[in-house]
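Think of it as A, B, C, D, E, F, G and H in the order they're written, each chain with its own count starting at 1.
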Amino acid sequence: MRDILDAVAAGDLSPAAAEARLRGYATTEAGRFDAARETRRGVPEAILADGKSADETADLAATSVETTGRAVVTRADSETATTVAAGLPSAVDVDHDARARTVVAHAPDFEPPTLDATVAVATGGTSDAPVAGEASVIAREMGATVEWIEDVGVAHLGRVVDVLDVLRAADVVVVAAGREGALPTVVAGLVDTPVIGVPVSTGYGFGGDGEAALAGMLQSCTVLSTVNVDAGFVAGAQAGLVARAVDDGRS
Amino acid sequence: MRDILDAVAAGDLSPAAAEARLRGYATTEAGRFDAARETRRGVPEAILADGKSADETADLAATSVETTGRAVVTRADSETATTVAAGLPSAVDVDHDARARTVVAHAPDFEPPTLDATVAVATGGTSDAPVAGEASVIAREMGATVEWIEDVGVAHLGRVVDVLDVLRAADVVVVAAGREGALPTVVAGLVDTPVIGVPVSTGYGFGGDGEAALAGMLQSCTVLSTVNVDAGFVAGAQAGLVARAVDDGRS
Amino acid sequence: MRDILDAVAAGDLSPAAAEARLRGYATTEAGRFDAARETRRGVPEAILADGKSADETADLAATSVETTGRAVVTRADSETATTVAAGLPSAVDVDHDARARTVVAHAPDFEPPTLDATVAVATGGTSDAPVAGEASVIAREMGATVEWIEDVGVAHLGRVVDVLDVLRAADVVVVAAGREGALPTVVAGLVDTPVIGVPVSTGYGFGGDGEAALAGMLQSCTVLSTVNVDAGFVAGAQAGLVARAVDDGRS
Amino acid sequence: MRDILDAVAAGDLSPAAAEARLRGYATTEAGRFDAARETRRGVPEAILADGKSADETADLAATSVETTGRAVVTRADSETATTVAAGLPSAVDVDHDARARTVVAHAPDFEPPTLDATVAVATGGTSDAPVAGEASVIAREMGATVEWIEDVGVAHLGRVVDVLDVLRAADVVVVAAGREGALPTVVAGLVDTPVIGVPVSTGYGFGGDGEAALAGMLQSCTVLSTVNVDAGFVAGAQAGLVARAVDDGRS
Amino acid sequence: MRDILDAVAAGDLSPAAAEARLRGYATTEAGRFDAARETRRGVPEAILADGKSADETADLAATSVETTGRAVVTRADSETATTVAAGLPSAVDVDHDARARTVVAHAPDFEPPTLDATVAVATGGTSDAPVAGEASVIAREMGATVEWIEDVGVAHLGRVVDVLDVLRAADVVVVAAGREGALPTVVAGLVDTPVIGVPVSTGYGFGGDGEAALAGMLQSCTVLSTVNVDAGFVAGAQAGLVARAVDDGRS
Amino acid sequence: MRDILDAVAAGDLSPAAAEARLRGYATTEAGRFDAARETRRGVPEAILADGKSADETADLAATSVETTGRAVVTRADSETATTVAAGLPSAVDVDHDARARTVVAHAPDFEPPTLDATVAVATGGTSDAPVAGEASVIAREMGATVEWIEDVGVAHLGRVVDVLDVLRAADVVVVAAGREGALPTVVAGLVDTPVIGVPVSTGYGFGGDGEAALAGMLQSCTVLSTVNVDAGFVAGAQAGLVARAVDDGRS
Amino acid sequence: MRDILDAVAAGDLSPAAAEARLRGYATTEAGRFDAARETRRGVPEAILADGKSADETADLAATSVETTGRAVVTRADSETATTVAAGLPSAVDVDHDARARTVVAHAPDFEPPTLDATVAVATGGTSDAPVAGEASVIAREMGATVEWIEDVGVAHLGRVVDVLDVLRAADVVVVAAGREGALPTVVAGLVDTPVIGVPVSTGYGFGGDGEAALAGMLQSCTVLSTVNVDAGFVAGAQAGLVARAVDDGRS
Amino acid sequence: MRDILDAVAAGDLSPAAAEARLRGYATTEAGRFDAARETRRGVPEAILADGKSADETADLAATSVETTGRAVVTRADSETATTVAAGLPSAVDVDHDARARTVVAHAPDFEPPTLDATVAVATGGTSDAPVAGEASVIAREMGATVEWIEDVGVAHLGRVVDVLDVLRAADVVVVAAGREGALPTVVAGLVDTPVIGVPVSTGYGFGGDGEAALAGMLQSCTVLSTVNVDAGFVAGAQAGLVARAVDDGRS
């Protein structure tokens, strides 16, 4: 602990970074940033932009880069993305994925992890893309190779068959689907790797807002596990954890 | 009205049959039998055995044969089936379908309707058979040709493809499915005729007892209509009404 | 395939139309337009304006006209309708139904299908009109003759009786009803053709937003099938599929 | 109070009757019997047989007769009815209504109230009869004239029209209906007196066990009030209270 | 019918009034106004301002005054109230109750009904006042004398006791209550007249938006009937129907 | 630890008691008995008889007495009570409360805790007694003085007033109520001590099985906390913890 | 009563304060302020700013200070806080807690109660702070010493262990937690004082808006009681009542 | 195909085994046994004994052994286990796990798969053991090494800490928990491998039957995926698929 304090005194370590090392989180005006989570599970701590102002998000993102070398922002609109980028040193590499609504920033000296494992992320339709995109970004940030497969809705079986090779080549598959949510079941009937379903909050009337999709995945007559409605981050991170376990075997 | 009463007086018409013609229903110890419904819509009035004693069911079945020349009993266990058969004149033709849990009785002079139209009835798995069987019996009693297609679960797409010709040749398709209830969606994506989904009360936990299947059918991203959970009778009768409309065009 | 590419090269076919023929859908900035669906089931692919900007909708509508000769937009407010019309060549015939909130566009050389079959569309009250109107437009675009019957609420039985002849003359009936949703049951008790109920998201408190109406239709003591709350498109398309089956018999 | 105790001492008043007068309820082995409720609202205190043994019910019924001159037992099967009758002095007049599942006992000197007002009780179908019967018995015990109207289901509008005169002649109408529960709405659209709807726990699947009927009555587009599912007692007593208010005006 | 048309020709009757007499409703730009409902049940046809523009509401109100001599508008904000008043002839008497959010207009020659009966309307708290106010206005427009009792919440029993005389003197009592909705139960335990409970959509979390109140009233251990959440109009009209039945007895 | 093992070797300590001291729980054929819980919170570890055979329950009860000097069994029918008593040494004092469905056993040398604090336990009606009884037994076993107050239903306010002195004299009040569950609200409006509500699983139809009562307590317009439906044990233990906190102040 | 009126006449007592003493509440334009509640239970009557204009809230706050010497406003945004402060005499001490969204005002002569008891208030995460803050303010206003413990989420057990001493030293603990709501269970397993759980309306999808947290607290395998979702006021007041009971013992 | 038929003719292959190879499933009296599923995903096809007679289950088990060399029966009571064993050739190795309610049979020549990967299976309490046991058996049959960890309930954090090394050494962790279902969250906060939660249908009242546990796992503030309530088979198979992916890397 003494050396950390010495480093702060010497100006080699910011107070926030020091606090993060000593307490596991850093305190900012906009709340605490939990730097220790990444250390604990290898899952990057994401900053959820929903419900925060653009400035608060940018503040936390800057703290995240300062303490961990990286920031991952989810549910970010373009104004937030611009504000986050503006709040970071120019040397930081910032990537805004508009469809996934994510902002990822890497400090110049950040070395992203790499895993020898592939995560396939498939969507049933256009409206599933934001949720699936979030899963995709998180899995990639954890080091996995990500294969993106779009619009393979269950009402058009031909499309599923077209991408079967890609699905089967992956080590783990994330499938995002709204409405009746049957796509994870169909995919899991065709591959022999773990499938993680993500219900998407589309639909209307009875079973709308993702409830039918969630129920359908939980009732699936095949083997798959699921996460909560729209939980793209959780699905991507769980796939990343599987990928890392696979990589552990390979390396 | 006078001639009906004359016929009763002459013994040519039973009081029950006379009551049915005059009032539209016949009164028995076990309740009223609604003979007029068939006249109104061409849908045979079914006697639901669930919640009735075997004797009550047999009583109503005998009245039904007496007044309309036919009885259709649903949700009948074997004891009920035996009691119903025993309570009918020996000339009556009785057919007990154990899987569909139906008993159908035709008086010697009953002329069943015939329609120049085909209803396909498909199931996702073994546990959907009773509900689909009920639909099948009702459609057949309304005069349709019925094609029975079994065990084409959505987790085994190959099976669906195997029966595609039969499905496409039908004028209307009834699809019964439990658990996640995705089969009607898959089928409706492959045929160009009306599809009627029937959720089946299988499943457990969240969305169990047919709720996930119902929600999935209502949320389907294809075009289909649905009926309540386990409503095999309603699905079969609706398919029969479509078949009759088609037959009207053909004849 | 070669001739398609030749036609593109020669300028006889737009790239979007070529993509639609080769892949079954065309890609635009606003997403994919699924031209193949109409080919598969004869149901026009509708563009749901809800949740899209007026420009995105207009973009998809233009692609739809280009690739299939027709565009059907649902849930369109007047601004969207104007934008859609403005984005189409002047030779295209555009029809905006304000109550049904639909825009239908036909290219000059588009030949709409015609079916020798009638769909009756009935509403319980003024607030059911948008949903019923959507059903009506879809059934008409599929070629059916549509009879429109308004305000025959179950609390005023006399009105139902007044339109009985029209209801009975149709080959299939769509009934839209909110609140307690009893109208489809009453109608189905009076006609001998298939009835499709559409619950409408009116009502408040317990069972509001169409849930009571949906439950009432699923529990109906007559024979009818139903679709999800506010699913006017699905009901109209299902009625159109029945109409086409009837027409198949007639022609 | 002294005279009550004197009467007990003299054997002119049983201890239970004395307790009921002094404390408002009498204590038995099977629980307390609340004799004061009748005094408070004029609604007879009913003994719910469900969940009690036949002996416990008989015990409470005997106490009720002893303290108020009357016993009203609901949800009684025939064994309970027999046990109740056996437990009462032979001079007591006992009436068991098997369909309504009620037992009513009057002591020889009991003078039932009479009201110059009529309650109509209507059912949609055979399975609504027990609930409607309970309502009917309670209203009659409160002194109203009761008109019983059976099987006027909403799917057969003709039957409703047949009984319109009886419905319109009543001062208040109770309508019991299961499944989609539309009958109270239809009736309330045809009469100008208060209508009280009672949902009945029939039905299955979505909205089963009376939920669809309850929701439908609460969403009714006419004016009516409702009670909980199967609450025949409450509906009958509320109708009795209205009848008494009307009688107050008349007398 | 001829004399109606003659009157129109002579300018003695407006076309709208003529249409209302001949067809039972009048057509306006903003929808149909159902003039016949009042004739059928004596319940004034209310115009629900929610979901309509101020101009549409004013349009319907003017038609209502023209055809029935009266307009009753519910859920009206002050802008709507002003617009309604501005759209009526100056001779019309307009009363805007801001708390009840109602506007009532009487034509100069309108003779309001009068009933020899009293309706008490009680609220549990300030937030119940709009719903109770609506009930109060409707009951008064049906001719009843209305007693208004405010803020007698169940957590302050003393207040209930203070108003017991007024409650007991009424012929029928409407009790509006949100949160746990226990007030109707407490009141019904203290009076011997019919009590109609109205759940109010207050509350939050589990059982919020009036669901706990509705459930509590349906589960009440006393005798009362209920209406849907916030259904002040229905409760007031049902109380008015009871008042009229009482008045029938008295007159 | 050595002395524990020495005691076992010397036969002064049973192996089960030794295991309980060393690991915090004892292993039996019927599962683990968690002896440490009492040490942790002072709440006796109860043995839930529901879902266990009488022998399994007796086995666990014997282990409990052996390791802690006491056994508390809940939800015990009389057969279980008899079996438990038979399985204990004759010197053990066994108390079976039939209404509360509890069995409490004290070893001869067990010194029950005593607290200088009073818990009042009140019920709305007879059917609340088992749940309230369970609360009462637990609070007493934790050392509190318990005041039992019965049948103070909210529909009979007079009864509540009769017991106000007892309620106000207690340090903490537990109120068990089913149906609409309003009693805790009424009581909390009259006392100035903490009130803990326990919903009871009575009621039927909408809000039945204790849901209306739970919702009503959570929505209460007074200050109270609640526990789950039928959770008499939890309510009694929470009241016991408050009583102990009060006793801490007093002693 | 005479001396109160004399005081008013002499100008020593405002009319509002006089009304509050005589009737238990004071009437303002914005509604009634219930001054008697504090007298009854010692719980300050809070003014809920949600759903009121800033002016209405300020009006009630001024009345509260005038009649009781104190005002406690909850769910106040900064605009409301400013308006409330501006509406009070300058001698009044006003404290706005932005995170807890409360405003507390003390008149110069107000003597806040003090209790010899400690309430610990713990949160699982940043988003639980407003609800926990409200609890904290209320407990402090009732006189308790409050210990604030932040961000001890169940996914980071180390943090809980760090604050164990503070938790164990308190007389009663309030734990606010959203999402899965497990923190109260973990805390209650570690302390031997009463724990009151407050579910917070975070979360999304299935079990969102605090439902999972509420269910988890009601299902807890430890002893704790709970309040409704976001009911920080109720939890704080209940903790305050426990603290007062403890103080009663101590003093 | 010819060689299969030749083998049947020669008696070297049973007709059932031949059918299984040719069609992917074998037909028995008790239904179809889906032999192909194992080939497709490596997940053994389990025979669910619930809802089947002991004889039907034994029949399917015999077919399973005949066609795949193995049978896995779930939810089997001891009678079923005995019947299954009796129906198999004596050379078959049969293992009945009473707590997991499974029966596993291996033909003499069956070579079970082995994976170089470990699955940890943890339970929160005794009542979670059957569900966790099912998961454990399936994972072992897929070839994984299984570590069994019992009774590490969240209310006793010390127990979790005791087994941390075992949890961290596993490649994937299955955690079964009922009631509030917080254990998977606590475990996932302590390990860096994938965690799969299984809600167990314990609990009562609000959130009972596993709903609170399911909601809690879906709302978890850590990363985990879940399966439906009591879906031990699915959880074990998903863990097995992860283990196989890990093994693929290792081998």
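Just so it is clear, contacts are C-beta pairs under 8 Å (C-beta built on N, C-alpha and C of every residue); 3 or more make two chains touch, one makes a residue touch a chain.
Being a predicted model, the structure only gives us computed values, none of them experimental.
S.K.: Starting from the defined contact criterion, work out which chains touch subunit B and subunit D both, please.
M.R.: Under the touch definition, subunit B and subunit D have C as mutual neighbours.
S.K.: In contact with subunit E and with subunit H at once: which chains are those? Just list them.
M.R.: Per touch definition, common to subunit E and subunit H: F, G.
S.K.: If every chain is reduced to the average of its C-alpha atoms, which one ends up farthest from subunit C?
M.R.: It is F.
S.K.: Could you figure out which pair among F-G, D-F or D-E mirrors the B-D interface, over half of its contact pairs being identical by residue number?
M.R.: Residue-number overlap above half with B-D among F-G, D-F or D-E: D-F.
S.K.: So how far apart, in whole Å, are subunit F and subunit H when each is placed at the average of its C-alpha atoms?
M.R.: Once rounded, the distance between the two centres reads 38 Å.
S.K.: Could you give the separation in Å between the centres of subunit E and subunit F, each centre being the mean of its C-alpha atoms?
M.R.: Roughly 50 Å separates the two chain centres.
S.K.: Indicate the residues of subunit H shared as contacts by at least two other chains.
M.R.: In subunit H, the residues touching two or more other chains are 156, 188-189, 205-207, 211, 214, 218-219, 222, 228, 231.
S.K.: For this structure, enumerate the chain pairs that meet the touch criterion.
M.R.: Touching chain pairs, listed by label, come out as A-B, A-C, A-G, A-H, B-C, B-D, B-H, C-D, C-E, D-E, D-F, E-F, E-G, F-G, F-H, G-H.
S.K.: For the complex, give me every residue of subunit F touching subunit D.
M.R.: For subunit F paired with subunit D, touching residues are 126, 151, 156, 158, 204-207.
S.K.: Can you list the residues on subunit B that touch subunit C in the complex?
M.R.: Listed in rising order, the residues are 40-43, 116-117, 171-172, 188-189, 191-194, 196, 214, 218-219, 222-228, 231, 234-235, 237-238, 241-242, 244-251.
S.K.: Would you pull the subunit H residues touching subunit B in the complex into a rising list?
M.R.: Contact set of subunit H toward subunit B: 24-25, 31-32, 34, 36, 51, 199, 201, 210-211, 214, 228-231.
S.K.: Within the complex, which stretch of subunit H touches subunit G?
M.R.: Against subunit G, the touching part of subunit H is residues 124-125, 153-157, 160, 179-182, 185-186, 188-190, 203, 205-208, 211-222.
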